[in-house]
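There are structures below to look over.
Each of the two complexes below includes subunit A, the first together with subunit B, the second together with subunit C.
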Partner chain A sequence: MSAHPRASRYDAIVIGGGHNGLTAAAYLAKAGRKVLVLERRHVLGGAAVSEQLYPGFTFSVCSYVVSLLRPHIVRELQLARHGLEIIPLDCSFLPLPNGDSLARWSDGERTRREVARFSPHDSERLGEFGLAMTKLCRFAKQIIDNPAPDPASLAPRELLNLLRLGRSMRGDPTDLRWLNFKLLTTSAVDFLDLWFESDQLKAPMSVSGIIGTFLGVRSPGTAYVLLHHYMGEIDGAFRAWGFSKGGTGGVSMAIARAARAFGAEILEQAAVAEVRVHGGKARGVVLENGDTIDAEVVVSSVDPNRTFLQLVGERHFDTEFADQIKRFKLRGSSGKVNLALDRLPEFSCRPGDGPHLYGDIAIAPSIDYLERAYDEAKYGDFSQRPYINVVIPSLVDPSVAPPGKHVMSCFVQYAPYDIKEGAEHWPQRREALGDAVVDTLAEYIPGLKESILYRQVLTPWDLEQEFGLTEGNIFQGELSQEQLLFLRPAAGWARYRTPIDGLWACGSGTHPGGGIMGAPGELAAKALLASRRL
Partner chain B sequence: MSRYDEIVIGAGIDGLVAATSLALGGRRVLVVERAGHAGGRCGSHTFHPGYASPGLLSDTAAFRPLLAKELDLERFGLRRNESAERCVTLLGGGATVDPAETSSPWHAWLGEVAPIIEGFLDEPPLELLHPERTPLDDLLHRGFEIRRLGRKTMMEFLRVPPMALADWLRESFDDEAILAALAAPALIGTWLAPRSPGSAFNLLFDEIAGSTQVRGGTPALVDALLAAATAAGVEFRYDSEVERLHVKDGVVSGVVLSADATLECERVAASCNPRPLMLDKLPPGLLPWRQRRRYRAYRCRGTTAQLLLALDGVPPALEQIEFAQTAASLDEIERAFDAIKYRMFSDAPVLWLHLASRDAPTLAPAGGAVLSVLIHYVPYDLDGGWTDQARERLHAVTMRRLEDRVPGIGARIVGSQLLDPTAIERRYGLPGGQIHHGEHALDQWLVRPDPQAAAYRTPLAGLWLCGGGSHPGGALTGAPGRLAARAMLGH
Partner chain C sequence: MPVPTPFHPRTSGLCQSLLWKEWSGYYAVRSYDTCHEREYFALRHAAGLIDVSPLFKADLRGADAAALLSLVTVRDLRNLRVGRVTYLCWCDDDGKVVDDGTVTRLADRHYRLTGNGPLGAWLARYSDGFDVQIEDTTEVYGALALQGPMSRAILVDVAGAGIERLRFFRSMSGRIGDIPVGITRTGYTGDLGYEVWVERDHAVAVWDRLFAAGSGYRLQPVGLDAMDVTRIEAGFVLCGVDYFPAHHCLLDTRKSSPYEIGLGWAVKLDREPFVGQRALREEQARGVVWKTVGLEYDWDDYEELFASYGLPPHVPSAAWRDAVPVYDRRERQIGQATSGTWSPLLKKNIALATLRTAHAEPGNRVRVEVTVEYERRTIGATVARTPFFDPPRKKT
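What follows is the complex of A and B.
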């Protein structure tokens, strides 16, 4: 039973109570505006959500690690005071089919010793690589912490911004500029080839380049995501990579508390059916239950396809904009398997409890394995031997499972939205996807199957139906270069405004894109406030 | 004082263009060529009694039209055909699909942005990563050229290059055979598939860089260039492989040939692949380690094999056709590409066909025909190596596909030669069997081959680059040779 809003008119209505929508609401409320957030589901968080799907077990249902939550947002919204607690992720573990394994630690020396067993050459290169990446982060940070540059604008301010961006590289030696250029253009594997030779290092490192995309680790344009791991280093005292206490929903709930503390009103089970547009202006929304709510401004945090084509309707836009939105690519490529286990999962290659289990675990034994997983999905089926990224958050955060029992969160690629039978047939294939994941994991964890108390499988179809992510794309739109920066979500509309007066966009489908950053929400709110529209 | 101002390494298209341009500019030029004849990748050889190859690369449409004027090539017999021959898709059973019959907004858009790509081909490159210069003038000038397209076209022009050509084409076309006909020629020699990001730029380039073919094909082109070079006073030395560069007091001042003969000059302009040149043909220690690392990272993976067929007549399926390809869909090309990632070739390769004797009848005896087949994707580093069995297997899968698309061709074959990527490397001096002197990919177009050698001059005094391993790449444009010579002459 959905509650009704307290008022009939607001300064701003935010559609979607995901972490970006909540962030935008918090900033608007902090600036004194009367804000209402409308969330379709019974729980807040969007894809950054915690749910107790099985008694005693709290799952980070979709996203499972906090990546680049911006430190200034944490500060400005006082999220720590509202319950945000990030537990650093200290290890990346790679079990191998031959019984060996490799663990990489935040402690560089420990990592070097492990890598040296596979390749002395590579272990000697690790420090150099880390240093180069840290330098390259400087440039990237400017991109994600600022609105997208606009090359089409002739306004002096824009030209200066572009010049400044270019000039920030001026003092850099040629080789660093070249590395930056390669980072932006080549594949994750080609980029790593500049330093490393061993598959055991390159495979798990390169795979971060293809999370949430429909590309392989050898596809051009996948290298730049490698930066994500290093962005945390330069964010200062705050460790950007980690588990959120209480699951990733803990992040969203902290932001929601901050928003409410600033005076924002948040409603669950309040699905929006339509954005009301009249005389070329957004006037408010209509809920699925029929309620009409007015607002000066509507801010949508759902994906561009859903916002413009479903909630507003194609007829309100000129064909050029509508075409751009229609060709905005959303092809989901991933799924999720959430398991409740009655005991600790033990890897035969490194048995027992140990710090190697307290970070993320990758089933990515070689580059060929990863490419084959991609190849399988290109032609309309999921990978039988998929890439799986596993975390066992109950080891670092006992609050999410009963004592001695564990939550195992498995992100899986590739599971294409468009399977050959048609996406709507995914429910019939759901358990087969779950089986492929469990069967693969069982090769490394012999006792796994017997220990499963509960299993949830989310296919791209489920991500769409349940979480409102069109085509199951976890970033609300592929993070490919033709859809980033000034092209996200459409050329000329990358500054959170839309062609409709009073309608703004703020989700991962806007700059700087997906992940639990909060940046789209924050930048959109600040742009809206700066526009004096409110 | 040496006899020559410049020594040009390589008598291929770019080497010939560079040498002729330099000579017309008053320089004394010697061309050294490892083969026994000129032409490079367009050079001919008899592969079966009475039948000659049109070369490894045989589509002359990309040869820059302005070179005819600048080098006075019409005087030496160069003519261009009135209309361009386009690549068609051959479907099973002899049916064909011709994309030239489709005109569309996509084609219209290509027309709008053509001047920008033509500028890319005919003007010196922007040195995007040059250490000292941020070429603000260049950038602003080029920037305004692009802005002059109008906001919508400009945004589109910025959007397209990093895309996968499959995504780009599917925005405008549905028919798989048309999609494949447009995509396949653009992917020849690349390590890219329709779904590879950046492949849209390959297609954009390929579409705009081609005008009409040279009449008489590669033999006519090579003849005209050779005649022009000779008339301009260029000297030639064949069967002369450069073993290493001659360096005196840190300055490159000549070449050392295999026979340990040293030829001196003021400057060397190399049209060969720059990677082995910089890594292997210089005295050790001359190139700093960071530069060495960058040249090692210059990707030169060959993906092409060639089957030359001597036919006693033109099969019915190829009547009226000069260029064709066999993939019926983009996924077929994609699957053929998948294999190469594992160092294998697919049993359904993509074949690009050129009935070269159609426009160059001297390649075959009267009534006969020469068909050049470029096979993709074929790995240079085949798992297990290029043994006789491997070649037989490649031959078999190629012939099976060919027979399906060109029924009856088997019966017309009187002779053939299969060149696997290692044979291509040996015959044409192409490291890795990479037919473009370095892969055609967006990053390797924008900075080619290295930030400190992106405009033909290298950091080594006396050494210049003038071939396909430089801007704007290794298609048969003649552009690198032209632009390098202009830079060397101080234009």
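What follows is the complex of A and C.
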């Protein structure tokens, strides 16, 4: 089955109906351009997608929480009017194997009391840590909300951009600047060591530095992403981490409704076979069903590897650029297990229903546990006892499960794309990964196995085959230092343009990267409109 | 000292934050949690149950009940059919609003009026010669607002499938278990929602039934702080905050006409005489001086203002009701913003404001006072249409 577009020529064709592609399309359509979005799958959303895989249960199949969706995008595209509703995560819960547990709340005093059971010292330093992170966030906000600065350029505008970035640190005392430098270079654990002593606090905090990377919590460069958890508090997104009503697909659907309201045309089941390039210029696309569609510009929201090497073809690029794209690290490191449950999961450490279950739940009992999980992955196996980030959205959004029943979403790391048998052997290992996850969780939730009505296991191989994420990388490219800012996806090409005239990029593989932020789509569309190429 | 409502045995056990306020002489929960946030989101994503028993209630029975209500209020109620609810206000002789509330026609000759203040004396003032018995039922009934997208499913569970057919601003009688209740599809959150009216002796039992059915739908008890955020998102004015009851105002300038508080649509001028009619006609001829409007603060301005102090933007954690001045572009005062909130859904600072009519057109640019670091400054804002948030499920 395939769909056909209404016209044969558009101002812009957006490849991929994920949240970034849709965001770009909405901004372009809002500016009056004739836009067509082409989605390969039967459902919009890309990795921000909700699907009813089991009757009555709606799963956020891949991406499971909304992170830093830019608040100005919510306002500019009127997403609330188009159905966007985000419920903040109120708690981070850490069950421990010894029957103890730690819950960190948005209520600071309550958190302090909880942490004091493990370390009175740490409990009293939480405030200082939060203050330091808030100060550092100002720098990060400048980075997220603007195109990447280009330090290699001496053009006045580039220098001005660098100056503005520098000015965001103006007035910061020297020690804060040193701290910023540490944040950009050290490991998540080393950075947290500057404040805290207790494993039970540091382990669950450190994992935000490794999500979607093939790195461990003690690997240098993992501290930076810690900032994202504090960003929401300063940028008007307030309580930015949350569940989208109806699953993360709710975000994509709201953006799609906005795009359509602005006049964009969106097609599902319309897989792009190639980007047509003639004379060094992108002219349009050819669909897998053979349809040829012309466009002034083609905007790709799929990952850099797929865009440049598969849809365009290596022959159209200089060797240097093609090599950069080939070296761009994807190497997916995570999987996903989605469960439909016939009852509320009962944690033996804190039985029963309660607000400690309404946020995210981390299986990350110690730093060594996390490092051991990484060790297995380094040598080509998935972790037998992985880091798992669990959410039970049905506890705050009753629309995703029948009354009294629940959906449980488990993000699993590490599950390396390149297992030692070879990535193509993942289908034979898939259920073993699922078993490892359920076995791990059952150590904390004794009745879990009996309550499972349905289980979906997504390996990095599945993320690639089903969702088009090359090597199963959830961020379309690791969010590691050497792949951020002016290096994302390639040096000199971080401004959404590409070496092909008329071909632009707007996915998570561009600055500022992955997560349900919408920033790459928005910044790409604004850059394209400012270029007057359209 | 406030007194407990009929639901106090349940609300007092659940209100672990001990955050209470006084509402018309009753104890009312501000928020069950230390912060109202979870309750706000329950109202918008699941369902919340709010004890609204302190609302004043009067039951009017008799052949002339409709005639009396049509004389006292701004609406002609003789055409209101059984099973319908209407929203309205009532005025003094000068056409200034005394209070606002709802009228429900429960049966052929039986109406219920609700209000923010006592109703009996005001009705008695006009009831001579009417065939009507007025009963103050404030203490007779407890009232619960069951609000939010899951409210219908919960009510169907406890009161039967007939609820599915109950349309917006309609009323029905039903049973929860074997307890007779009145159910109206009304509320103060601007969302899908119902209000349940029950005799006080059965109040706790109805509460328990609703929670037993509601647990699968993530029903939560909700206090007034969360409701205040939703009512501003819905653009509803609050008596005593956004306007003041005329019979309690020391200054004439404090009083408002229905046209000035956004209730002009409820006034039916061309009919038999009613209290305030002459004055309202004159006001219409003269031109309305003030308008109540929505304001959306400019986020960029707001952020820049805070940044100029080296601060990240700070949004109020709860709805505010300390009025602040509103200026035109030349910094001349043109009115005041009377209540406002950060809208977590819209990612906007919004407010209700009373502005001079000339400045009240949607899209008009104004400046509003914001205090940062003890200093009073102004930022840009835009006059907006209300409701700010209006989900289709409210009426479907």
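Just so it is clear, the second predicted complex is superposed on the first by the 529 of 534 C-alpha atoms of A that agree within 3 Å, B and C clash if a C-alpha of one lies under 4 Å from a C-alpha of the other, contacts with A are read in each partner's own complex, and residues count from 1 in each chain.
Operating definition for what follows: contacts are C-beta pairs under 8 Å (C-beta built on N, C-alpha and C of every residue); 3 or more make two chains touch, one makes a residue touch a chain.
Values in this document were obtained by computation on a predicted structure and should not be read as measured data.
Steric overlap between subunit B and subunit C is absent once the structures are superposed on subunit A; the two fit side by side. Contacts of A:D397 after superposition on the shared chain: subunit C is touched, whereas subunit B is not. For the three-chain arrangement built by superposition, the Cα-centre angle with subunit A at its corner and subunit B and subunit C at its ends equals 130°, in steps of 10.
Of the two partner chains placed by superposition, A:D360 touches none, neither subunit B nor subunit C. Once the two complexes are overlaid on the shared chain, A:E464 sits clear of subunit B and of subunit C alike.
In the superposed model, A:C137 makes contact with subunit C only, not with subunit B.
Of the two partner chains placed by superposition, A:E114 touches none, neither subunit B nor subunit C. In the superposition on chain A, contact is made by A:S106 with subunit C only, not with subunit B. Once chain A of one complex is fitted onto chain A of the other, the partner contacts of A:K329 are limited to subunit B, with no touch recorded for subunit C. Contacts of A:E346 after superposition on the shared chain: neither subunit B nor subunit C is touched.
Once both structures are overlaid on their shared chain A, subunit B and subunit C have a minimum Cα-Cα separation of 18 Å. Residue overlap on subunit A between the subunit B contacts of one complex and the subunit C contacts of the other is empty.
Note for the complex: subunit A touches subunit B at residues 151-152, 154, 166-167, 170, 173-175, 177-178, 181-182, 185-186, 190, 193-194, 215, 218-221, 320, 327, 329, 368, 371, 375, 378-379, 480-482, 486-487, 491-492.
Those residues of subunit B whose C-beta lies close enough to touch subunit A in the complex are 128-131, 134, 147, 151-152, 154-156, 158-160, 162-163, 167, 171, 192, 195-198, 290, 293-294, 297, 299, 331, 334-335, 338, 341-342, 441-443, 446-447, 450-452. Of all the residues in subunit C, the ones that touch subunit A in their complex are 34-35, 37-38, 41, 44-46, 149-150, 153, 215-218, 299, 303, 310, 312-313, 315, 342, 344-348, 389.
Listed in rising order, the residues of subunit A touching subunit C in the complex are 71-72, 74-75, 80, 84-88, 90, 106-107, 110, 134, 137-138, 171, 233-239, 245, 355, 358, 395-399, 402-404.
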